[in-house]
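Order as written gives the chain letters A, B, C, D and E; numbering starts at 1 within each chain.
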């Protein structure tokens, strides 16, 4: 995160539209894949070594989905930008990989950008990749930082013979992509939820030193996630309500469904946040309780030994005439007195519930 | 809850409208019941083993209410979906039993989904069932996860000879169903309120170990409930205000009444939350107070025994010439001195209110 | 409160408009009083044993105000409902005495319901009565749970010869009633304010055990009051802004004045809440401070006696050859040493401000 | 404050427009001053013993500003009300000196009421005076509780020969008056800011007993001030936006400037509130820290003396055969042992940073 | 800050438009630089000793950007105000250097004011300079308190031969200036973020005394920054949405980009605030933990020495007949007993995890 921010400030003063890639380079080799369908020939998937091949006869499909992995090849992006007439700001946003999720409407296309969690990463890695989607009337462009499995389910559904997605237009593909994006968040929230459950178990049991830090780290991750999903919800809300020409009436119903999902995600986050703040309270209280128990232990010990010590002190005085000293049972009487007082104290503590 | 969420994520990537039941299977045998009325023949209740029987002559009532228990029979739901021309997303939502309450308007029907508490469950069980209601012009469909008594009062009112509900149309039945849903929340809030009262009694008395956890569990339950009722309030608000064709002007007045009930519910929740956060404060303070009392006990004990111990120490020194040692009353004088100092200390503490 | 809620849930499932009185029965005998004026004859006040007498010649006044005490007589309310064509939901709301304040517009009348504090009750009783007002074009109905002095000032102003209220229409009477309702809250806030002042005095002085509970009880009362006044403010705001046919332009200016009063009330509540949360902070801090003082006392006592005890211990050892033991002044030297160390410690504490 | 509130409730039940002065009587003698200008004759300032003199030939100025000091003379106010056709509610609000700042539009004038701090009062006195301004097309009325210097700068600017204010109409004078009102708040915020700075210095140094109370008193004053300025901001916002006929387009630009000032004031208040809540945290933490230091002192003292005491105890035992007792250096060896243990403990504490 | 505020109040009562410079004088010599371009001749930069030179033939460029350093020369500002027909309030705002960021629309120009951080200052200096921008149809005025490098990147882009900025009109220059302003905040947030990281390291390690103060100082700086950026966001939002005639449709897309940046800035601030409040919690908890450890140390020491002391006391009593006293191994038995008890205690503590 700090690295990215520094890069962002290092770009201050550059003109907009300067195609400078901001962020880690996550893949060595950019690749462009065309997926075309919509006519009788089924679905075609093809690597495009050169962007100009797009306009050849054989690639002329009714629906064309161009997926680009890797963002650091400025020449490639510039070529794509020219071919699809993308605004310099769109290209800049695609390259700048710490974009806030948003939707920008242009005359000939919609530009959607979001941050997704890669499901193929290990469970403790919460890094995000930026995904940009350009939705045109008869084309979809998707830009990813690296090769991930995010859109794999869509490709499989396209390949499957009977799936309805093939009979639909560009807007339905756009919906399917967006739906996949949002669904990926459910997976990440589950992971966070598992971590919260682990933490709960620890704190209700014997909390270790770092429990507080863990709770705060989780809390920050939750609010980070919230800042990713909240604008997505707004994107969906505006897509669903506005009479955008890029989505048919039927598809707009599906967008409403995605919108519901984002609301659901936000509520789950809220729920986890409630859990965490409750856990924090319980943890802090357990610290106070331990102080309490320490002090009690000290009090009990002190109170039990002090009277006995006083007795020994009394019989240790050097007065010439003291009772009991010469008696053969004096010593044992004194010991009995000490023990009785100690037992009395114990009984008192027991009754006042100080020893639990 | 965790199980459901996992199921939800396992569905990621599936096309929408795939009829996969998400959630526990709560009943073994799905059943379909038709309740018809609205003409001169009174009310008819009939089990429908086959959905196609709906279109037979004998089931042709002006108002038809179809109640379905059990959601895991995909074939049945698919048949119902085809018969009433339900959108695939509606069917998906019906099956996905952790839906957030909402209302979706379609051309030929309204789809309402809510989570209700089953009154027949034991008082400590706060599990919810999902209820879906499809409101058409001349039919009502209700989908429940299992057989519960939720809609029983409506059926009894329909069966009763004189009840006005029979003379009304489909919209009034829809209102009655929604009203029953919302009323069920009053019952659950009472239960939570009772638990809060119990907790209050405990915390103001002698709080046990788990009081804090209990308070937080209640707090989470309250905010969970709030997240169920809040969208219901919005549903009611939009139903009442919008000029929906599914509700007559007269019935819309009744919807306003339900809306008032949801507001009332939310205020009761707010009230309970206030109570709980006050209790938390009092509990945490009582912990601090106990530390205080422990320290005080320690101080009192120490302060009372130390001077006496010093006296014994002084007369235990081995100096050859010390006053009193040879006096026959020396010992008793020393004891008297110790007792006096201790009593003096006690009096001092008493005056400074340290002994309560 | 719990009793009412239980009653509310026990009504779940009943059809709307069922005239079941929910809440305590607060008066034994319902009574109906007609106050008529608006023509040359001045003001007439008359008990109506039978509601049908309303339509007799002698009761035909331009402005008719019907006040009903006692809500448990279903027959009476039903008769009134029929006579004035009140909607079943209005009657239900009148009877259900834990209504949230609100205004409902119907074609022929406005229905306003509010909760008021009875000024004639003792100062520590914060129970509320529900008052319903139905505002028609030429009649006003007021429903109260029991005989209170709430509307007495209005009656006195009506009886007074010169008062302007007589020359005005129904809307001005409605305004006067609403104004009286809102004014009654000022009295209750004063009482709460007095209680807050008492609590402040206690907490800044020597807080007793229950101060925290008192503070939280007050806080809850404040937020309860807020939930009563807040919707009233909205009622006033909507009455004043909307072009309701029930209020003339001139009277609407007066409604704006009531609205200002509700805003003022809410600000006073806010002010009291600020005061209370400050008091809570101060109280909790005073508990911490007391722990601090206890520990300090313990430290001072321990530190003053321990060195002296060590000295006695040293001279109590049984070594054969020890200095001073045989000296006649040895004992006094030892005592002096002890006293000196203790005084030194005292001086040290004094300088480090540990003894205040 | 309590006195005023009691007076307010004592007015409950009175008809609106009853000219009862609510609040302290702050000046003994009401006075009326007319300031007229707008024609070739410059500016005239004149005491008006009788309100009817206003309509004499010599007082017929294009712009007339009538300033009234003292509000308890009902006859005078009634005469002014009649002369300028003021609504009874306006007169009531003028007299009721705990009004919330607001603006009310009437057909022939605007009524603005605000609370200002008198700059001539001592710096620790935060009492406010109510100022009412009635803005007509060709007259301005200002009502003040007592003679203050609030509007003196305006008078001086009017008297100055070259000032632009004389060439402007009534609306510009109204703007100037409002601007002066708002500017007076800057002065009071500076005072509060100074007090906050003093408190910060105290709390970061050696906080005295009452620091917490002081902080809360300041916090309440800030929120009180916020409740005075916030509605003023709304007044300014509505004045500037709405196409009120009382302000020309040019003057409306100036109102926008006042609006900016109110926003600025609110941000300064917010800033001070942030400072205060940070100070509260630091103060409460310093209390905890002191407990910590006390306990540490106790621990250090106990730990240093206990081992030594044990040594003395050991050699004080009465066993017949004990090593060292008969040795001539035994005593000194024992002392050395005690001192060594104590020094060792000290070193240990030092290394574990327990002695700072 | 206090100095400025005092100056602000000292201006109370002055007429608006009085050209009094409020704030520090930060530069000794004001200077005016004209940058002109837009025709075939490329870009011209020229110092203007006299403002009237602007209208000479040679300075007649299609786009003219006038940059003024230093605000205390009233004559210069007055001349510029007259030349460009600036409203007195604009001039006043330019001079008053603690303006809140805002945008004011006038008939012939837009006035934008903002606070920027000078990147050339040392990293620990968070002082801001006020920058005012007047955007006309064919001119841009920028007013700065002193010579800073803020706009240097723009000048360099203008000088560069191939840059697109030269081919664009006045609105694009305005956009570039605003973009530079907003970008400067990224730099400052990075600095604050670094400081937060340092603080985190300290608090998670061994927090020093002033950590709490540092955290609160950072918190206040964050909210100060938030109050600077928030209104800028609103400025950008209104510029982008409203159909202002000063910006073409194409440039408005770029304004949307700046708006996105401000949102991004605010989210980063939010993130830092979350981090800080987590750190505060952790710090305060560490204080509690230290109390806990102190008390534990005391308890351990006391508990280990008290039993041993009791043993010495017992054998120090002067009873004639006591067991062991005469035995040659008695002393060693006693010592062994003491050591055993101490070791037993240690073992007990170890098992109960009191010694970690």
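One rule holds for everything that comes next: a contact is a pair of C-beta atoms (placed from the backbone, for glycine too) under 8 Å apart; a residue touches a chain by one contact, two chains touch by 3 or more.
Predicted, not measured: the structure shown is a model, and the values here were computed from it.
**Student:** Suppose you hop from chain C to any chain it touches, then on again the same way; how many hops at least until you reach chain E?
**Tutor:** Between chain C and chain E, the shortest chain-hopping route counts 2.
**Student:** If you fit chain B onto chain D using the CA atoms, what's the rotation angle, as a multiple of 5 degrees?
**Tutor:** The superposition gives an angle of 145 degrees.
**Student:** Calculate how many whole Å lie between the centre of chain C and the centre of chain D, each centre taken as the average of the chain's C-alpha atoms.
**Tutor:** The mean C-alpha positions of chain C and chain D differ by 27 Å.
**Student:** Please work out the Cα centroid separation of chain A and chain D, and write it as a whole number of Å.
**Tutor:** Here chain A and chain D have centroids separated by 44 Å.
**Student:** For chain A, jot down the residues that touch at least 2 other chains.
**Tutor:** Counting only residues that touch two or more other chains, chain A contributes 288, 291, 295, 298, 302, 309, 313, 316-318, 322.
**Student:** In which sequence are the chains arranged about the ring, given a start at chain A and a first step to chain E?
**Tutor:** Ring order, starting at chain A and heading to chain E first: A, E, D, C, B.
**Student:** Flag every residue of chain D that touches chain E in the complex, lowest number first.
**Tutor:** 152-154, 156-157, 163-165, 176, 179-180, 183-184, 186-187, 189-190, 193-194, 197, 204, 253-254, 256-257, 260, 263-264, 267-268, 270-271, 274-275, 278, 281-282, 285, 288-289, 291-292, 295-296, 298-299, 302-303, 306-307, 309-310, 313-314, 316-323, 354
**Student:** Mind pulling up the chain E residues that touch chain D in the complex?
**Tutor:** Chain E reaches chain D through residues 2, 5-6, 8-9, 11-16, 87, 89, 92, 98-100, 102, 104, 106, 212-213, 216, 219-220, 223-224, 227, 280, 284, 287-288, 290-291, 294-295, 297-298, 301-302, 305, 308-309, 312-313, 315-318, 322, 324-328, 330-331, 334-335, 338.
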